[in-house]
Amino acid sequence: MKPIIGITANYIDDDKFFMNLGLGAIGQAYSALAIDYSKAINHAGGIPIIITPTYDTEYLDSIINLCDGILVSGGNDVNPLLYNKDNNSKVGRVLKIRDESDFYLTKSCIEKDLPLLGICRGLQVLNVVQGGTLYRHINTDKFLDHSAANSYKSLVSHYINIEKYSLLYEAFQKTKIGVNSFHHQGIEKLGNNLKSIAESRDGLCESIQMDNKKFIVATQFHPEMMFEDDNLYLEIFKLFVNSCKKN
Amino acid sequence: MKPIIGITANYIDDDKFFMNLGLGAIGQAYSALAIDYSKAINHAGGIPIIITPTYDTEYLDSIINLCDGILVSGGNDVNPLLYNKDNNSKVGRVLKIRDESDFYLTKSCIEKDLPLLGICRGLQVLNVVQGGTLYRHINTDKFLDHSAANSYKSLVSHYINIEKYSLLYEAFQKTKIGVNSFHHQGIEKLGNNLKSIAESRDGLCESIQMDNKKFIVATQFHPEMMFEDDNLYLEIFKLFVNSCKKN
Amino acid sequence: MKPIIGITANYIDDDKFFMNLGLGAIGQAYSALAIDYSKAINHAGGIPIIITPTYDTEYLDSIINLCDGILVSGGNDVNPLLYNKDNNSKVGRVLKIRDESDFYLTKSCIEKDLPLLGICRGLQVLNVVQGGTLYRHINTDKFLDHSAANSYKSLVSHYINIEKYSLLYEAFQKTKIGVNSFHHQGIEKLGNNLKSIAESRDGLCESIQMDNKKFIVATQFHPEMMFEDDNLYLEIFKLFVNSCKKN
Amino acid sequence: MKPIIGITANYIDDDKFFMNLGLGAIGQAYSALAIDYSKAINHAGGIPIIITPTYDTEYLDSIINLCDGILVSGGNDVNPLLYNKDNNSKVGRVLKIRDESDFYLTKSCIEKDLPLLGICRGLQVLNVVQGGTLYRHINTDKFLDHSAANSYKSLVSHYINIEKYSLLYEAFQKTKIGVNSFHHQGIEKLGNNLKSIAESRDGLCESIQMDNKKFIVATQFHPEMMFEDDNLYLEIFKLFVNSCKKN
Amino acid sequence: MKPIIGITANYIDDDKFFMNLGLGAIGQAYSALAIDYSKAINHAGGIPIIITPTYDTEYLDSIINLCDGILVSGGNDVNPLLYNKDNNSKVGRVLKIRDESDFYLTKSCIEKDLPLLGICRGLQVLNVVQGGTLYRHINTDKFLDHSAANSYKSLVSHYINIEKYSLLYEAFQKTKIGVNSFHHQGIEKLGNNLKSIAESRDGLCESIQMDNKKFIVATQFHPEMMFEDDNLYLEIFKLFVNSCKKN
Amino acid sequence: MKPIIGITANYIDDDKFFMNLGLGAIGQAYSALAIDYSKAINHAGGIPIIITPTYDTEYLDSIINLCDGILVSGGNDVNPLLYNKDNNSKVGRVLKIRDESDFYLTKSCIEKDLPLLGICRGLQVLNVVQGGTLYRHINTDKFLDHSAANSYKSLVSHYINIEKYSLLYEAFQKTKIGVNSFHHQGIEKLGNNLKSIAESRDGLCESIQMDNKKFIVATQFHPEMMFEDDNLYLEIFKLFVNSCKKN
Amino acid sequence: MKPIIGITANYIDDDKFFMNLGLGAIGQAYSALAIDYSKAINHAGGIPIIITPTYDTEYLDSIINLCDGILVSGGNDVNPLLYNKDNNSKVGRVLKIRDESDFYLTKSCIEKDLPLLGICRGLQVLNVVQGGTLYRHINTDKFLDHSAANSYKSLVSHYINIEKYSLLYEAFQKTKIGVNSFHHQGIEKLGNNLKSIAESRDGLCESIQMDNKKFIVATQFHPEMMFEDDNLYLEIFKLFVNSCKKN
Amino acid sequence: MKPIIGITANYIDDDKFFMNLGLGAIGQAYSALAIDYSKAINHAGGIPIIITPTYDTEYLDSIINLCDGILVSGGNDVNPLLYNKDNNSKVGRVLKIRDESDFYLTKSCIEKDLPLLGICRGLQVLNVVQGGTLYRHINTDKFLDHSAANSYKSLVSHYINIEKYSLLYEAFQKTKIGVNSFHHQGIEKLGNNLKSIAESRDGLCESIQMDNKKFIVATQFHPEMMFEDDNLYLEIFKLFVNSCKKN
């Protein structure tokens, strides 16, 4: 049987949006996930299932037991207090339920050496779980502006340099690839046991990997938005799904 | 291990809504599901996983293999052509991908006698799969208006009478309960092998059950929106989840 | 000391409106009341205090003890199930908390013979508390359309005929006055011990009074919106406040 | 009998918002208050009543006579001319009626030694009444940005250090607690007879107390938004309500 | 010197619209008039001046003294109570200040035999001043729907038949012309001393004239929106302006 | 007879706003003026008439002949090219028709020594007509921010110091008054024959006067928004209207 | 060389929409055409060029000379006066420039026997040019509602029956096909020399053909929206383009 | 025969805007072009045809064969990666399809020496095609702000100085003209074989010309928006169209 890949989802409490589409009723919250994630896992040979964000760790344990790998998807900003900074108006909306849900799953994967792929927020969660810190808003002098908010999902916004001895290189077989860019935060201090395996021109970390694990990798860019326009970007999902196969 | 319950999700292609929340990029579609469904399954003793709507029947077969039961959730209107009526301006948006995905899963459950719970659209899908027809818009003289669009999710809008020898009665142990009401369509001609097991005052079918199956039941109302305010409504989920347990 | 008049308030759970004004935060509900009510009571010689809608009957008992009279103000539609009709899409949003709060206060006033003035929704609550019923939406052939939604608050929209031996006549000393009109529901069947003391041209009840009580009166129109432009309309508030004076 | 606590309310003159909800008519202004305030007072053992903002000092005197304590709630910015600065585009909307109403009540409490709790704007009003000044907009180099506008009401945004010999410490029994943060102004020069009893990491005053009074305390943060998620925050309301009890 | 023509204007109290354009401040009301009126009068040889709507009859008397003719322009619906009908939800917003202002000016013109041209609302005002009545909303079986709300200002929507011995015929020298159509009300019962001088195909009155006056004429259509595209429509303004010349 | 005062008006080409109010049709432009101007002139003893903005100088000459004084009102920014600067994105919308109309009238008043009162934009027009220049956007280090965009029309935002031997002093009989403030541009270089007769704390010119003329005065603040709340501000209108009286 | 196919375009005068996208400036009108038309012509072997709507018949003559065939595309409603009915509020916006432009081109094609394909509005234009009439709004008892406004562009909404000896049958080689449906008007009386070659279930004309011409055909449905999902619908474009080939 | 001029168009994928106008259906993209371009070419003696943006180079080759000249119109920003810079949040939306379409046409014109006129984006495309670079956002200290976003299309925002021996001078016969200004990007490094033939006061390149070609010219300003108000601006179109005439 194909590996089962659990994908974490967004938590959205705007009932009016859904009611305008003729869906649901006053007082409902939603889990939502871009379909690109499921498609990428499916095309890479896994069975994608979506995980509802929750405070219920018993449910999350069941998911960990059920799944052969976890994909922590993009979404809201991580609460800055989790890396010992204060919240401010430049920080996007922080969702406690998603923080707790993703942190529990990420820690569980590390503990059990279950393969984990983090994308965008997933990379930031992994870094903070390991004691790293984030820039709360990177539109500063120090770094280029990484938020190409006006771009189509698969548009290449800049290039990254990939470390040769890394899982990213193993996937793409290239030391330089173009990436899309939809983030306003990024890694400041790298977390423990993590190494940076790709960087943008301006030196911002674009991908990390954890040592001595089967597959714990995260990217700041969104390969799931790009693979339909360029097959290359499916390779990272293939490597991840293969690492999830039971022996 | 607890039964795994797959829940079908909405398909939403309004990328602007999500971008306004700081999520995703131009060109993305989403799967979204009210968290109440997952909570209800979880509280009833199952492990909820969300299924991405898709045309890929191989993926849906994997899901059928993985799951111990399927919940077909509420959402967009079923394409009227599927019950031999024409589309018109009173019909809500029809989504081909969701129709195909839900119809395939519903047919598979019937074929394999896999427990199935249909809610709102789920009831309508089950009826059409079995050759039944729907009223395309029930705000007519014949029936009361069932769309209490201005109500809180758990507000009781009317009462229903439940057949005594039915799975609904088995769950609720009552012949009359109050229900919420958020639908503008309803069953006109009942599908094959289905029986109506509950009705509103004005005679509209509010719940159906398939004969000679472990558990193929559907409701026009939304018990998942009500159970947190009144435990009674969890009973139908408990009966469903129990019927999903492997022997 | 002047009589203390408790005024019931609206319950509003749209946090975005208030945040757009720079007020409050995500997740807050509000009580809100048109200032005209407080002004009218104040000008009529009472001390207005606003009551927060609540399920907490202990709090409401304290309010009843504290106050010398209660004004049940206008607002959301009464849940039709409370007069044995079903909810439908023509009914405005029903708020359980406000229904319970206003019904408890109205019943308490009747029981304790505490003076009560009901305005618009307040009239409808009083009628339903006494077993009466309402038209759920009066834009029908039977009655004139009473919702002059495009009008300034004090604009006279039609005239009413007042019963001579009634508290309304006692207040206004006239058998015919002009009134504003902002309601889409109205009294169908009069409740027990209530009598209609004013009617519009088309025969809809515009004011009720309870027998054998110090002052239990309600109006379908809004005198509090009119008194600043025409002193006449203050008279009903003066009569009410005077009836609240402790002997 | 429980202490009666008067709570000041917002003044809102946007009639369109309320009309969109089906409430009121053209030309109406409203008083509105987050229900959290009433709930907190109620849970802490007081009877909350809401005060309508007004220029009528006779009404305010009646309220002062009626109440055992006053809570000055959050809301619009204080007119900068009241602390001898000019208005500018960074200042939010100033409402003369609310300024006059809150200033009169605050001065009356100080004069009569009636217990007073100020929250957010309430702290700023107390400081200006005593001759202090405010930063008109604190998103500057000097202080951290204190406006976590994207956060849920109870989300902890930063920590504060509490003075040991203070009423805040008496309430919380801690020298460090987490607080939410929804303000863009803050105390620049402390008013007469006030002392700062809590500070944020960046040195902004987060709470003040007046000397030689029963209970005249104010906080920049919003404990009323937090107590339902964490009981700790109710303690300040309990201390306040207890101080309001008549001997 | 050219004749001075006073034109009545709309009263608008939506301060937000103007503030969005960078104009004015909170709390302001506006007078506004389509520039087409002034242009038409100017091209026809008059000096257009705009009259501010007001309750101040002394000001209106000064205007009557100053002007050689009055144009009562289009705008809000006349209050139905002025012709003994009740207001309802099909009636547009009624503005008391404009009703009083226009009625005073119209009555003054009739009394002093000052030339008067009424356009759209101006026709309706003239008819009601003379004791006539209006259909409150003409989208009924009896008459064609006269509100071509989606049309460009000068688009001909239907044709009218003009009485031969009338001032309209004197102006246009035709018994049939095309007209634009932007009204949802119309004349039901003709006022005293008025005669209908033009009708649409479906028999609705499109123009009226008062007997034994120099020039008291009104049209339901808007010639001022049409004259720039077709010179013909300027003729009615020329006839009006000429009639205003002092002897 | 009272003096006739012509007031210049805004030019607005947003037909959708008016159509949303049920007024006019596609393709119409409007002249609009805050009613406060007319009220102030009326209360000060003049007869206000509103002038339609136009390129037609013959019409403007007729107006000049008809009027005893001209009030150039607030509104859109003056085209920077008129004082030899380039347009940029900080400049508000420039309207050629209003610039030409106001400049022609202002020049005519100067030439014929007809009394002129300029308010806000009116002050800026007068200064540019006389060869002065403007700051295109004054939210800079040099000056305080003068745009209190969130304020009620009559709210005092700062104080100004008035020259003793000036018409402003003659009107107000004070050397310091409070003023509202709704402008983002201001005088940089004073025009010929103009003198600054009032300044804000930060040294921005708040009023100008032309030498050797009966009454050519302009203010950066809006006294017409303030006189209803404080009679003082009517004095400048009284002085203006008196200066317009024919001998 | 491939045939050159001129396609008529929409005329849009909403400059704000384009400015919100960062395009153009105040005062601009646009021509716009769904790209599906160009794609369909291109895939069918023609060279699509877009024609700007205009009153300039000399330009249109040049286009007729240049092109080997004309496609009159969908868009705004035809002015009802062109088929001797009055405009009303159910009619969508009528654009004189597009009516004149499309009518001239259609007449020219008929006169010169230049191949013409009409789609939706194109069918209606052809019918009116030939003296036929239209239903102004077909949501009536007589016909099914043909406006599936909530549907994806290629969704089949109903079926049509095709005449065997017709160009439509020649293209599709079927007597029944499914079609999308986005129109609220339709043919009432067929124009001269036109025959109906397809009908919906409810008897509305869905396609017309002109006798004795090379290729003058029009459809009420939109094959250009469907061909990418189903090749079948390209066949009508192929037949059209082939008929345009020069001999 | 007159020269055929192909004009490139915008690509717009906002189907909701068009559906709100009653046009098209869900899932459609549009080509759109300001009508001013077609009008200017038409008035200058050419036959304008609009080119659909596409990836299909075979179609573009047909267009090149068909046309006697190409006008590359204004629109979205060029992808910065095409001149070796990274995308960021100050860059407007980049459209790959339009970049590829315009670049292919521009290169073809250069290669075949086909006359080319570039306007705004057209100038930027030409510069990048020739290896030049752009400022991604010119609102900096170095240059004046060139985006007069609030201006009417033909309003002169600044002046430019024109090189004497240039095609621009040949067209306008002046060394200084006023221009409108609607761009936030501009030429940084001039491309190969291009020379700057006009500059703004602040030294930004406003027009370029390619050496040794019949007519390859581009302007940063928009003469097509100005020619109807001032004939002068038609001259550049006349020179362009004349250069397109076949010998």
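Going by the order they are written in, the chains are A, B, C, D, E, F, G and H; count residues from 1 in each one.
The rule is simple: a contact is a pair of C-beta atoms (placed from the backbone, for glycine too) under 8 Å apart; a residue touches a chain by one contact, two chains touch by 3 or more.
Chain by chain, the UniProt names read as follows: A, B, C, D, E, F, G, H = Gamma-glutamyl-gamma-aminobutyrate hydrolase family protein.
The shown structure was predicted, so the numbers you read here are calculated from the model rather than taken from an experiment.
Shared contact partners of chain B and chain H are A, G. For the touching copies chain B and chain C, the fraction of interface residue numbers used by both falls below half; the interface is of the different-residue type.
Should one ask which of F-H and A-B has more C-beta pairs in contact, the pair is A-B. Between the two copies, chain D and chain E, the C-alpha superposition involves a rotation of 180 degrees in steps of 5. Chain E and chain F have CA centres that are 31 Å apart.
We define each chain's centre as the mean of its Cα atoms; on that basis chain C and chain F are separated by 48 Å. With centres defined as mean CA coordinates, chain E is found 41 Å away from chain C. Chain centres here are Cα means. That of chain A falls 58 Å from that of chain F. Of all residues in chain F, those that touch two or more other chains are 26, 92-93, 149-152. Looking at the complex, you find that chain F touches chain E at residues 1-2, 4, 6, 9-12, 14, 17-19, 21-36, 38-39, 42, 47-54, 56, 59, 62-63, 65-66, 74-76, 92-93, 149-154, 180, 182, 222, 225.
Of all the residues in chain E, the ones that touch chain C in their complex are 79, 81, 86-96.
For chain G in complex with chain B, the touching residues are 139, 144-152, 155-158, 178, 181, 201.
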